[in-house]
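Common to both upcoming complexes is chain A, partnered first by chain B, then by chain C.
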Partner chain A sequence: MKTGIGVFIAAFAALGASWAGFVLAPALQLGGTKVTTVLNSTDAYPVQRPGEAALGLQVYRANGCAACHTQQVQQDGTSFEVVLTGAGKDPVSVSNLAAGLKLTGLTKEAADAAAKSLADAGGKTETHLSGTGADISRGWGSRHSVAVDFLYDAPVQPGSLRAGPDLTNIGARAADANWQLVHLYAPRAIVKDSTMPSFAYLFEVRPATGSAEALKLPAGFAAPAGSEVVPTPAAKQLAAYLLSLHADAPLYEAPYSQLAKP
Partner chain B sequence: MNPIDNKSPAACSSEIDASLRVPLLALFGGAALWLVVGLVFGLLAGIKFHAPDFLGACPLMTYGRLAPAANDAVLYGFAIPAALGVILWILSRLSGMPVALPIVPVVAANIWNLGVLVGTVGILIGESTGYPWLEYPRAAAVLLFAAFLLIAVSAAATFGWRRQRELFPAHWFLFAALLWFPWIYSSANLFLTAVHVPRGMVQAVIDWWFGNNLLFVWLSLAGIGIAFYFLPKIGGRPLASSGYALFGFLTLMFFGSWVGIPVGAPVPAWLPTVSSVAAMLSIPAVIAIVIVGLRTACGAKAVCRGGPFCFMWFGLVSFFLGSILYLITGCPHFGHLVQFTWYGVGQTQLTLLGFFVMVVLGGIYEILSNTTGLELPFPKLGKAHFYLAMLGVLLYAVPLLIGGVEQGIRLQNPAVPFADANTAALLWLRISSTGQLLLILGSLLLALNIFVMTIKWKIALGKSLFAAVTAPLPVTEVKA
Partner chain C sequence: MSEDNQKNCGGNSPGEPAATRSNAPMWIIVATLTLLFLGGVYFDRHSGWFNPRVYAPYQSADQLEAYQPKSGAAAAFAKGKGVYESVCGICHGADGLGKPGMAPPLAGSEWVITKGYNRLSHVPLEGLNGAISVEGKDWTMAMAAMGAALPDDDLAAVLTYIRGSWGNKAGEVTGDEIKKIRADLGKNPAPATSDQLKAMPE
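Our next item is the complex of A and B:
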């Protein structure tokens, strides 16, 4: 490093390499991401957000919601479960055998072995796969987030801080537009100790007209007598966007199989 | 190598300082103001976690707008322009030349401040781009880019016309910093704020690349370059072990620039894996740089007592801690634990405010009275600023780091309800707000010193102008 040119070349080479690796290569590899299909189905995934929700993405951006909310479900691993679906010709011995076996929380090999021993005894089985991890146990999603989930979003806002819960699947977890709007207007009306700011400025308080759009607010948060709270277009778009957040389809790169509800 | 250059005597330091008077006052004055603005925004944003409805009726003051506006005002408003001022001064002094094209940095300082203003207002009215650390809308980004280029041109010309041929380690770091920023800033903006943005997660990858190269690599290059000039200068001894410095410089650039994709990000697995490996390979760079700094600083004859040497010292320690805390998030297990917690915020603030801002402040306090030819109006307040800033950084960052780990442990345990994990962090956030308050007080002292100094200088300038205008004409110029 005796000359300015030497320093310049070294810096140029270092930054150029990282630019090629982390800007150019992902743009070529990930930039070509295509719509995929839901596992064991022909349904396309993801689907474009409907117009109102696509506008809501911009409301989400403008108000910096991603400062406190992530849209990334994390997964630690997978676990297998063997379910007995038919007892065959000798139900008693098969069900006795099943009762003695460990059938949940298995590895792939253990699940195969258990399924084989049940099959040998004449039973019919199904093996199910599910993701494991704190986020999945919290009910925030069934699988980890993958790149294709964000295909149609610009800007993508995966978030980096969970001052509020993850929103990857908030559209499925709270699939009610009035709930979403009330929560935006008065977060503490729904979650007592919530630290979320109120987005009352996205709503209009006006003399009551008996509008169907007026929020149904709990006592203590209701508008003054004779007036009503109605959402502005921006609030409706934001709610539509939140309802459209549902990145939970099983995919080839993130598989799981839904267990039959007991 | 022009032989004539070697023979011409180097300009004396007072001549160099005089050439930088206006550019530096323009850069430092605007920066001091933005530091106050950024820290006040940060405090307002922090208060919202204790009183969520505080200023809630005003869309401009909602948390999601205030928080990025605060971060960007400190980074783009203070850290970068103030550092550029210090860098210009260092390069002029090392070149033995008055700054080349002195009008250029003055124009650039005004463009830069306009850019930060446009960007801050843009975020507050909801025109943020939505990409972390790149929130300023395109109009502001263009202004910042142009202003940076102008200052880089002035710095390059000063270096090109230098009268002293020797190249110091400080030079390496500062040159690389001058190249780094225009590249990453233009590249990220061209990809992300252009009309056709790349599809899906490519956007996030580019933003992570940009964030790492700005907040880790650029801050390290510029901050360490400044420290490697002032530590020997104030300490009165040459920089120790330039071999270590070279090793640190090269590994920081070649490996540090690949860090930044978080573990577990929803992207092809090779990306976070490469980042994790690069993070581990960058640790020796940080250690080598800190060894050079410590060897130079320890045993130096300079005393601390709240002066510029203290700022450099504290900055060096924060550089070590902040960088290591950042790089160890590349370890998959630890990275997963703290990924979505306040830990990241605490680490970023430790690096930004504890390392970079402190080093730049040390530089400003060291050269301010040289360039204006005036004494610091309130030297005691300058020293008080150090203690306020040191305490402020510790109270701001350390609780966030501890609270973040605690929050992470609770988030990892699905038996703990989410609300409880959140509440655990609130106590720590309360302490960190105290730190923000101290930082604001300190930044006000800096602003006071700079503004009183600027006014005094303008009054002196006005007086000398007035004297020149009203002086009786010399007899020789009077027509017969």
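Our next item is the complex of A and C:
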């Protein structure tokens, strides 16, 4: 074949280019990701999941939760807010000035301008940054997810399809192990029309022993009289994992400012 | 099928199509490569030149840096904590209680919770030499100008932090003031003594 070498080179180049784009470039870009610190603090981020939660990651993976749930919050934009924290020597004119200015939902430029005009009048201000976007207004997080959020997870479970809510911060949203277990055992006991499958096989129905672990189920979902529903170790690990899902700390690469603690 | 066609399908007939070099016009090649290059540049530009810390909605490392929440008491305080723990904490302790034989306490120290912070700022900017009484105890040691190398804002944040932590409740320190005090001191000032400090306005 006269063109054999040419075909080989073309095929090699095509495969090589996709390898470079999908494997080499991401590895060069993010392969060196390491522990960082929470913005404006010395606290390390992220922290390793506790042992039980780390095992729970494998249960999450084995049950295909990532088929319906993502763990990646998207952020579309930023919004600034200027807060007057001190009115200076001439409080009346500063607060009049502040009342006349738009101080929320600003772009960076507008926020800087507003802060400057208040500072010129003698007031003290703080500027706060928050993320905006559909996911953030749904309450799924405060900022977009970044690579370091997944540092200790192997394999990572970012998911790609959202039949159910994003779980990036479910540990903060529903921080109750019992709620998690009841929801896993009988999603419809909590959300009437939930389409999430029941993971009842992660639980054991056994003759009642009065165990403290027995789920407190609402009427209609309760175990038959004289028996009780207790979580298996896998269910407990999964619940521990869900409670450990909390990737919302402000970071350099994903900044937002929390209001000053009084 | 016409006879012509039959002939063309045959073995060595002259009409057989062969893979040959076809000449694409040069300008198409140049235009395509230019477009590819410009597209690549656009892509890089808007994804922070592949900087691993730049994510949407930020478009460049500079923009990300400019958007960092810097102002605000909480931010300054948290930053001050970070600087304190890496620069001063080794001697004065993370709890501000000082360490015997190393450094006097900052928590509750009359040198720290002064009304103004002029006097206090001189300690890290100039260093401190000789006897000093802190909370009724005498220390005779020396502290180098630990704050001289810090940027104004960082030093202000540290001083804000030590004035507002561990039960201390003195006011905030601004970078602009530190800048002025530093400018008045000039380069490499001699370490202060506690008597010199006392003579300064608070």
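Miscellaneous remarks
Operating definition for what follows: the second predicted complex is superposed on the first by the 253 of 262 C-alpha atoms of A that agree within 3 Å, B and C clash if a C-alpha of one lies under 4 Å from a C-alpha of the other, contacts with A are read in each partner's own complex, and residues count from 1 in each chain.
Criterion: a residue touches a chain if its C-beta (ideal position, glycine included) is under 8 Å from a C-beta of that chain, and two chains touch if they have at least 3 such contacts.
Since the structure is predicted, the reported quantities are computational estimates derived from the model, not experimental observations.
In the superposition on chain A, contact of A:T3 is made with both chain B and chain C. Legend: residue contacts after superposition of the two complexes on their common chain; A:A175 is shown touching neither chain B nor chain C. Touch criterion met: A:F22 reaches chain B, while chain C stays clear of it. Counting the residues of chain A touched by each of chain B and chain C gives the higher count for B.
Of the two partner chains placed around the shared chain by superposition, chain B is the only one that A:A200 touches, whereas chain C remains out of contact.
When the shared chain is aligned, chain B and chain C each come close enough to touch A:L30. Of the two partner chains, chain B and chain C are each touched by A:A147. In the superposition on chain A, contact is made by A:L129 with chain C only, not with chain B.
Using the contact criterion defined above for the overlaid structures, shared-chain residue A:V47 touches neither chain B nor chain C, since it reaches no partner.
Within chain A, the residues touching chain B in one complex and chain C in the other are 2-3, 29-30, 33, 144, 146-147.
Against chain A, the residues of chain B that register as touching in their complex are 48-49, 52-53, 56-59, 62-65, 67-68, 123, 126-132, 159, 167, 169, 171-172, 175-176, 179-180, 183-184, 187, 191-192, 197-206, 208-209, 213, 246, 249-250, 253-254, 257-258, 260-262, 264-268, 271, 274, 336, 339-342, 344-345, 407, 411-414, 418-419, 421-423, 425-426. Those residues of chain A that touch chain B in the shared complex are 1-4, 7-8, 10-15, 17-19, 21-23, 26-27, 29-31, 33, 61-68, 70, 72, 74, 134, 137-138, 144-166, 187-188, 191, 193-201. Note for the complex: chain A touches chain C at residues 2-3, 25, 29-30, 32-33, 37, 39-42, 75-78, 85, 108, 115, 125-129, 144, 146-147, 250, 252-261. By the touch criterion given at the top, residues 19, 50, 52-57, 64, 66-69, 71-75, 78-79, 81-82, 85-86 of chain C touch chain A in their complex.
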